[in-house]
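Each of the next two complexes has subunit A plus one other chain: subunit B in the first, subunit C in the second.
Coming up: the complex of A and B.
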């Protein structure tokens, strides 16, 4: 009885907080099926087109599928940007798997001259915001002739330092005895990496991939600086261009952009929790 | 754990389906966009001459017309021609009744005879009147002279008596001065003065009478002279005889010709004023169009094309698929409704009066540096404008959008329009055709030829 009461007392505020945290997603879902006029009447005061306070309904007064139909059938621009985002995300994740994972393994399992300095460089680069490295990246990419191409986004992302840092923590947690046993059995370093390192450290790899996926979905600074051609823009640059007169369409597009992130999150939720812990250690 | 696996399983499936759906709708939205995006044909402004071809339907008419006149009042026996009929020189147009004509000739002859007799009488009467008038005048003059002479005598006698009276009176005065008796002198003086006065009065009366008599005689002479007014009746009679004679000559000529009214030259009948059984009118019996003077083609040019036609312009006529060149606009006449009536002189035997044909007048203006096809020119309530293609970098790549550009039109015909220079560059892409409705800001794509 006391236990139940305690649960209720703790649960209610937590539930309220959870609802409060989820409410933006609910607004997105509701606004997807709301007409533009109805949305404008609710949030007009916020955007300067009305008086009073902004309100919102969870259930639309006049639900409509017009926004969904317009998005799916009459907006090739949305799909162009969606696939740009998909290409960038796949490229970055593939790059991270190809280069970040071995780098993290090397830093975690091997001792070599300058290891600490390299690790410190990783930490340093991880701490720097994009604005600090933007100019150097721009000059390098321009020198390589990669500006205004998707490689200008993919390559810096593929060589990002944060995922190796996440994976490094997990690779560090693999018992040395397991590695030694494999060596005794005659396994080479490559075999050890592929047969032991990756399977045992998969949770770290997946959490790093999930975090990197979420970051790729919301990447806005790099594309706005390195991409001039609009046909290469990702979804994160398209959504802010939609105005109040297409508010319903904007909410629908945002909800559609949210779906892959939600699915990936659900897939890697368990590993993500471990990754957040590892990120907390970084903080 | 199992729960997590289930959640992961369904999440992966949802994600896979999501990407499949997105792929499908990517294709569908592209297809839909291709249907809704207008396909346009573009052109660049180019230098060109704007030519105006004005066409109008008209009819071939006579160029010169003349009248065949016949004596008025003759009975028409037969009319041999119809309006529009072509006749040669000497062809009979109408026939007059010979009996009636002969009766008419005889009647005219009698009239002439009567006139001659009347004229003779008039001449005789005139002579007699002249003699009488001369005689009256001579007598009046004689009377005047006689009266003048007679009255001169009377006046002379009165003057003589007066002189005597005066001499008596003034002589008595002298007697008085010589010393005569007082009482008798005054009586005598008074008597002599009275006599002098009476003589004076008689003299004055004589003068007045003479004056009055002369005046009356002079008036008689004047009256005698005035009675001699000019008499032209004989000359008028001669003129009437002349007219009748000429009429007789014409009638005789017509009679000698058998009562036939013929065409003097090759021509086309344009009007007939005589009818069988009716009398010939005072006006022309038949009007003919002289073919030797050519024909005239007339047509009406519409008001909107009136500015492109002027006298001297080269014209081409066409009928039944055949074209005839080498003609020129002879006259241009403005009509009340703003249209123009043009005429072309024809000397080509290929045309005949009453035939319809089409005239084509082509006029070329000076070269204009900025011309576009007429389809590219649009108009709304405010101005003329064209749609210009702008290339923009969009999410879907480089795309074309149309932009409205207001232009000034210098000249235009059915095919092209000349625009004012300086608005459009040489390399400007102008939309000349579209497979669906477009407006400013519409996204379009180029139609592949």
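Coming up: the complex of A and C.
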């Protein structure tokens, strides 16, 4: 009995915090299926008509798919920018897989001159805020003539040092005996990487990809500096441009933009947690 | 001997393609940025520390740097304490696996929500006629124009904590799990209470982990711009004017000399904590 009471005492604030954390997603979900009229009647005060305060309902009074249909069938710019985000994400992840994974493997499993310095560079760059590297990136991209193309976002992202660092942590955890055994059996170094490194370290690779995926979905700093042409913008820059007058449409678009990230989160939560811990704590 | 040499070469071959990209996009141009911080923007003449002096004398830069420091001082302790409380609460209900998983998942969700998706919601909540003032009004408290007054700083802190709490909770949970359960059992046999256990066992054993969490949270909070942008877009209220805003402004004016100097300054400021973190990783190995 006492134990139960204690549990409720702890549980209630925890639950309240959880509801609080999730509420924006619920709000977007509700808003997606609400009619434009209905939303306008709730948020009228914010739009400037009259006194009082905006309100909202948890479940729409008149559920409708009107906004979803308008978004999917009648707004090419949404698709354009959704597509841009997809291209950026795929490009960055592909680059990381092709270049980041071997680099992490090399740093984790081999010794060679200059390794310590390279490792140090990776850690430093991983932690630097964008402001430090912004001008550097700009100068290179300008020199290569890549400004105002999607490559300006993809290439620096593909060589960002955060994902390799996470993979490095996981690769370090593979027992040396496993690799030694493969060597004794006559496996070459490249074969070892593909047959042992990648399968055994796969959870590290997935963790790194999940974190980088989420990062790509909400990139703001880089595209707002390196992309001028509006048709190249990712969704993250486009959404805030939709005014409150089109609140129904905006809510629907915001929700749609959220879906890929949510799917990856729901499927990869375990990896996300592993990645977060691997990047911060060395046990 | 020969095999070892070959192995070294193989290691280098694995690293080089990726590292070359890193060098081309980040390291080499940063040397150029370093050089630019000492020359004039027009004419490319050496001018000593003049750019640095200009940056330091710039009122907007001071405002942004001050805001960033205030933000660190307010937000960091709050974030760490709240997430520690949540982690302790979570580990107290850990025997109910379902509840534990659901709660942890809920705390992590904001991490996966792209900032742009909640811009609209934030507008509706913090508007003068928004949800928050509506709730306050119901309790008879006079609301504020949250976005266009000093209260914007509070909104920024709130947004940052909303977004990043799950992240730190996961770190705390990993730290708490690293303390062996047998120690607690032994202490309980000796008659130690919960609080004794926490102060005498958890905290001392977790000290290196605590240190890592603090430093990593510090470094992460330098990246707070996204939350500010989520709250107020490109032209925010003075109290949440951050370093990225001023970098963007200078970028628009093409004052590359100032950006270069400020980037070098910021790099130096962040360098210390990063080295600290790295040393801590090495010590605990």
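Simple rule for what comes next: the second predicted complex is superposed on the first by the 249 of 283 C-alpha atoms of A that agree within 3 Å, B and C clash if a C-alpha of one lies under 4 Å from a C-alpha of the other, contacts with A are read in each partner's own complex, and residues count from 1 in each chain.
Just so we're on the same page, a residue touches a chain if its C-beta (ideal position, glycine included) is under 8 Å from a C-beta of that chain, and two chains touch if they have at least 3 such contacts.
Remember, it's a predicted structure, so these values are computed and weren't measured experimentally.
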| item | value |
| --- | --- |
| Clash or fit, subunit B versus subunit C on superposed subunit A | fit |
| Touched partner set for A:16, first subunit B, second subunit C, both or neither | neither |
| More subunit A residues in contact [subunit B versus subunit C] | C |
| Subunit B versus subunit C as contact partner of A:193, first or second or both or neither | second |
| Touched partner set for A:65, first subunit B, second subunit C, both or neither | neither |
| First, second, both or neither for A:118, with subunit B first and subunit C second | second |
| Arrangement angle, subunit B at one end, subunit C at the other, subunit A at the vertex (C-alpha, nearest 10°) | 110 |
| Contacts of A:267 with subunit B and subunit C, given as first, second, both or neither | first |
| Smallest separation in angstrom, by C-alpha atoms, between subunit B and subunit C in the superposition | 12 |
| Common interface residues of subunit A - those touching subunit B in one complex and subunit C in the other | 238, 264, 269 |
| Residue numbers on subunit C that touch subunit A, as the complex places them | 7-19, 21-22, 24-30, 32-33, 36, 86, 89-90, 92-93, 99, 102-121, 123-124, 127, 129-131, 133-134, 137, 162, 165-167, 170-171, 174-175, 178, 209, 212-213, 216, 219, 222-223, 225-226, 229, 233-234, 243-244, 247-248, 251, 256, 259-260, 262-263, 266-267, 270-271, 273-274, 277-278, 280-281, 284-285 |
| Subunit B partner contacts - residues on subunit A that touch it in the complex | 72-83, 86, 229-231, 233, 238, 259-260, 263-264, 266-267, 269-270 |
| Subunit A-facing residues of subunit B, complex | 4, 7-8, 10-12, 14-15, 18-19, 22, 25-26, 28-30, 32-33, 36, 393-397 |
| Interface residues, subunit A side, partner subunit C - complex | 7, 10-11, 13-15, 17-22, 24-25, 27-28, 43, 45-46, 51-56, 95, 98-100, 102-103, 105-107, 109-113, 115, 118, 120-125, 127-140, 155-156, 158-159, 161, 164, 189-190, 193, 214, 217-218, 220-221, 224-225, 235-240, 242, 244, 247, 250-251, 254-255, 257-258, 261-262, 264-265, 269, 272-273, 276-277, 279-283 |
